[in-house]
Amino acid sequence: MINTIDYHHIFSEIASEFKEVDDLGAIANYIPELGKVDPTKLGVHLTTVDNQHYAFGDADEPFSIQSVAKVLSLTLALKIMGGDLWNRVGVEPSGSPFNSLVQLEYEKGIPRNPFINAGAIVICDILVTCLDDPKNDLLAFIRKISGIDSINYSSKVAESEKKCGYRNYALVNLMKDFGNIHNDVDIVLDLYFYLCSIEMTCKELTNAFMFLASGGMNPIINERVISLTRTKRINSVMLTCGFYDEAGEFAFRVGLPGKSGVGGGIVAIHPGKFCIAVWSPKLNAKGNSYKGMKVLEALTTKTKCSIF
Amino acid sequence: MINTIDYHHIFSEIASEFKEVDDLGAIANYIPELGKVDPTKLGVHLTTVDNQHYAFGDADEPFSIQSVAKVLSLTLALKIMGGDLWNRVGVEPSGSPFNSLVQLEYEKGIPRNPFINAGAIVICDILVTCLDDPKNDLLAFIRKISGIDSINYSSKVAESEKKCGYRNYALVNLMKDFGNIHNDVDIVLDLYFYLCSIEMTCKELTNAFMFLASGGMNPIINERVISLTRTKRINSVMLTCGFYDEAGEFAFRVGLPGKSGVGGGIVAIHPGKFCIAVWSPKLNAKGNSYKGMKVLEALTTKTKCSIF
Amino acid sequence: MINTIDYHHIFSEIASEFKEVDDLGAIANYIPELGKVDPTKLGVHLTTVDNQHYAFGDADEPFSIQSVAKVLSLTLALKIMGGDLWNRVGVEPSGSPFNSLVQLEYEKGIPRNPFINAGAIVICDILVTCLDDPKNDLLAFIRKISGIDSINYSSKVAESEKKCGYRNYALVNLMKDFGNIHNDVDIVLDLYFYLCSIEMTCKELTNAFMFLASGGMNPIINERVISLTRTKRINSVMLTCGFYDEAGEFAFRVGLPGKSGVGGGIVAIHPGKFCIAVWSPKLNAKGNSYKGMKVLEALTTKTKCSIF
Amino acid sequence: MINTIDYHHIFSEIASEFKEVDDLGAIANYIPELGKVDPTKLGVHLTTVDNQHYAFGDADEPFSIQSVAKVLSLTLALKIMGGDLWNRVGVEPSGSPFNSLVQLEYEKGIPRNPFINAGAIVICDILVTCLDDPKNDLLAFIRKISGIDSINYSSKVAESEKKCGYRNYALVNLMKDFGNIHNDVDIVLDLYFYLCSIEMTCKELTNAFMFLASGGMNPIINERVISLTRTKRINSVMLTCGFYDEAGEFAFRVGLPGKSGVGGGIVAIHPGKFCIAVWSPKLNAKGNSYKGMKVLEALTTKTKCSIF
């Protein structure tokens, strides 16, 4: 089935169509460092489970993957802690913006899922508890599962966000008050801001996320990352919670599990088939890449190929 | 791939395992008529897209399908009205109980999705506007797509719910106040209560929902119900919104699009493969069949086969 | 102390000042019948506990008192039922708009106070339970305590509101679902809409509310209405809850217990001194008379005389 | 009128009655240092505007006045900044617990009133901006208006609260994110925690708050604190907002403007008549002194003397 789709041709079509498309999004400006990126960038890279590659645009240029990285920290925390992790963070869509405190207060400091900010901060707290050297160990894990040793944090971006991340300080303190943060709040947020600062290219992202398309094993470097069951669960949480309060819209239009970041990146998975990464910096009102979502919608429309 | 799974054997296993399982759920008691059902009933029926059937237990006994029917009214409304329907109801998970008014007030009378009560009531309002004889035309549609002429409303159940459905009267009036109900509230709720009162067996349910497993066409009776694109969208909305505030949990544990009802029924779809219906009347705290969810989890665990 | 204030002179000042004041409010338009009133009307009437009268403008013209009447229905319900009434409705400010369902759902159908719509509907439910002929008995009570036999409902206004009062239907059904409405919802709302339709002049209002300024006794007609303790409690609830989510603002600027209505009327009480009624139909964004609040602020500023 | 009430006799009655009253409250335990106080303490001190004193119990023992101090910081901020202060904090009751973030997020970082934690933190931010040496200047102001030079912070209590005040860190960071905190969050909270740590006796409290009972002038030391108009406004905000989500209940039962603290203290004002302070450490479910509220209710019931 994979072979029957001519991704090459489809990508040419999409590339030429999107030259004409107006970008109605806006650059994330609450993190000053992110505001400096060229807003016209557009990159796409698709890697199939049998290591075929299709790309266009700025697919080899590194950018700040931001919340896309939360899938990788979740994966590591699940490997270490197992299912007990779900006592501290849920698997339900939040129905609220990514940084809302309302639901968190009503639900006594248990975040709805590991992809809203509060949930990703709890995952960082777990990693701080379990790892000897959290920042280095997490980075080493991401390098290993992707097979790319050059992946790195951007301390410039991390420190930029730290200076203005008041909302995240509010979240971590609220959860600390409810007893759902076990470590010092500054240490936990330091890991969180560095996690979000990771820079990768679209191509590298498909390598790092390939295990989710092939049952927990990265077939390109022959590295098992996590079990089949946990792979399916991560995919399901991406589908229901990967796009903040636009998760339903993404499932509806694109029909693939995925995760977005305010840097304009989106990774999406077709289990058993491929992993695709898209990057376009301008965001829609919900904080997801405006063009990125349109590219992915065009892809699944043209291929008639989604999980549904 | 379908043939490689021995459903026959798996169903025997599940059937014998579930004889021992304690049912920790409770019968829905807010609709008096539903309280009269035998709580020990358990039926399962799976129909593959090539018309293979696997079943056990009370699969041939009719029961009140309740909210499961909301998928069928949505399908009809989509056929008639097309995508404009989505201006009046969203596709996002609600993050709230099925009958909550809170979100509806904050969001000015636009329900989050067509499967929470408010959304299903808006769909009924659309049908009242578009159909000559809403109750009869809707029933005719369901009979036609399932190929089963004996499917019917239970006026006993409908009238029982009408007498105590104050919460639904609150919802419809709140939406009327916001301008999102165009017809008389009593006429709209009459259709809504009758819709929810439909009685079917597990086997019949798989017939009626089979089009969602096979690209919009019911292969058993060779009847096209709706287009491929809309089929995928209905499946995606079932996945993200089909289980109230437990949608994430169902996606996480079962990994299939589905829809539950307070009568204890659940229908789930594996696109391209099968449709399965389960019935067990006792509900968990979120209002979904306690045993029904466990049966479906056992099925996808044993078959290692979900959309993720 | 009463004698030392020259109300006559102060009223002349206010009357001449307010000729120049732009009215930035807007007529309530959700009740069609109210939309027909002349928006330039302005009437004020102050009656002291020793039966001195000061007035200007349209003080003798009847208007729809709307929610101002909720103080009188509460008074009657308290007389009949006593303190047990407070098990079914609270005495706390709501912090929300007058017709919100959000808090009512979170707090399981117990309205915050008897002056928001939900609370006034519960009071009507109590009156329906306790009175032989609720509509006539309530009217008789109001006529008796004011000494004015000509006070009446406007069936035109009541029926106009009934036709578009969907929000109130939502509220009553939500409370019925929670078990806090004991009678048929239509009968309860009928009394509620008639209560709100009462028409009185500013002068008549000061007669009807005079008992709150003099310890529960209407000194003008020598009629005890309710005990001193209950009088103080009604005044305190007016102060904390009489102006929807602008109660704090009114206490802050005016400093008197009072109650407003969407017909543009406000009644305020200076315990031991006077009762004042103001009428100006245009409302501010919170639903209280724009000029009415300004007149009362001018009065207490000029007299340096508030309860604080 | 003051003379006609025999406070001496009434206090004897109350003192003997309260020996028998079970204290159903509980000590605030979220600030460890507060948990060390003797829970059986009960002190009352009433000072009239003509400097008569009535007291019983532990009225001369210092305790942590906590949120009671927020009236004094508001007074100083109003003196310095004037009415512009009300652009940054409202005067409406919150309808929510004292430390809730929900409303603050919905209302974009503008606290409902200056007495909930968020509002008092904004007041501290204003003082940090306006004062040369905020901690010393604030203390000097309190000493001056009370005429008591020995009043002091408890650094033990302040530092104890600082170590566990995560909820307040959440609040200040959320408001910083909305732009309603202008200074460094740690400096602002330092002032806040010290403000709340002030220790005073019941007698000293009546001295410090006496200006609110006599039009802005402390008659005992002949010191004008603030204007008459602002005095009335502070009193009105105490009445509508001084007891968290129990403000209505206090107005209803006691009928005086007042302010409570989690140390078990309550100050109440009868404008033109007296200032009273009560201390009893065990709190009811809403965070207000259980016995303190009962003592004040007994006082106004026995004297038949409230502002209503």
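First chain written, first letter: the chains are A, B, C and D, and each begins at residue 1.
Going forward, contacts are C-beta pairs under 8 Å (C-beta built on N, C-alpha and C of every residue); 3 or more make two chains touch, one makes a residue touch a chain.
None of the values given here were measured: they were computed from a predicted structure.
Chain centres here are C-alpha means, and the one lying farthest from chain D is B. One inter-chain figure worth recording: chain B and chain D are separated by 55 Å, centre to centre, where each centre is the mean of the chain's CA atoms. In terms of their C-alpha centroids, the spacing between chain A and chain B amounts to 32 Å. Computed from the mean C-alpha positions, the centre of chain B lies at a distance of 48 Å from the centre of chain C. Chain B has no residue in contact with two or more other chains.
Shown here, the protein chains touch around one cycle, each chain meeting exactly two partners. The residues of chain A lying in touch with chain D in their complex are 100-102, 105-106, 166-167, 169-171, 173-174, 176-177, 185. For chain B in complex with chain A, the touching residues are 90-96, 103, 112-113, 228-229, 231-233, 235-237, 239-241, 245-249, 251-252, 255, 257, 271, 301, 304, 306-308.
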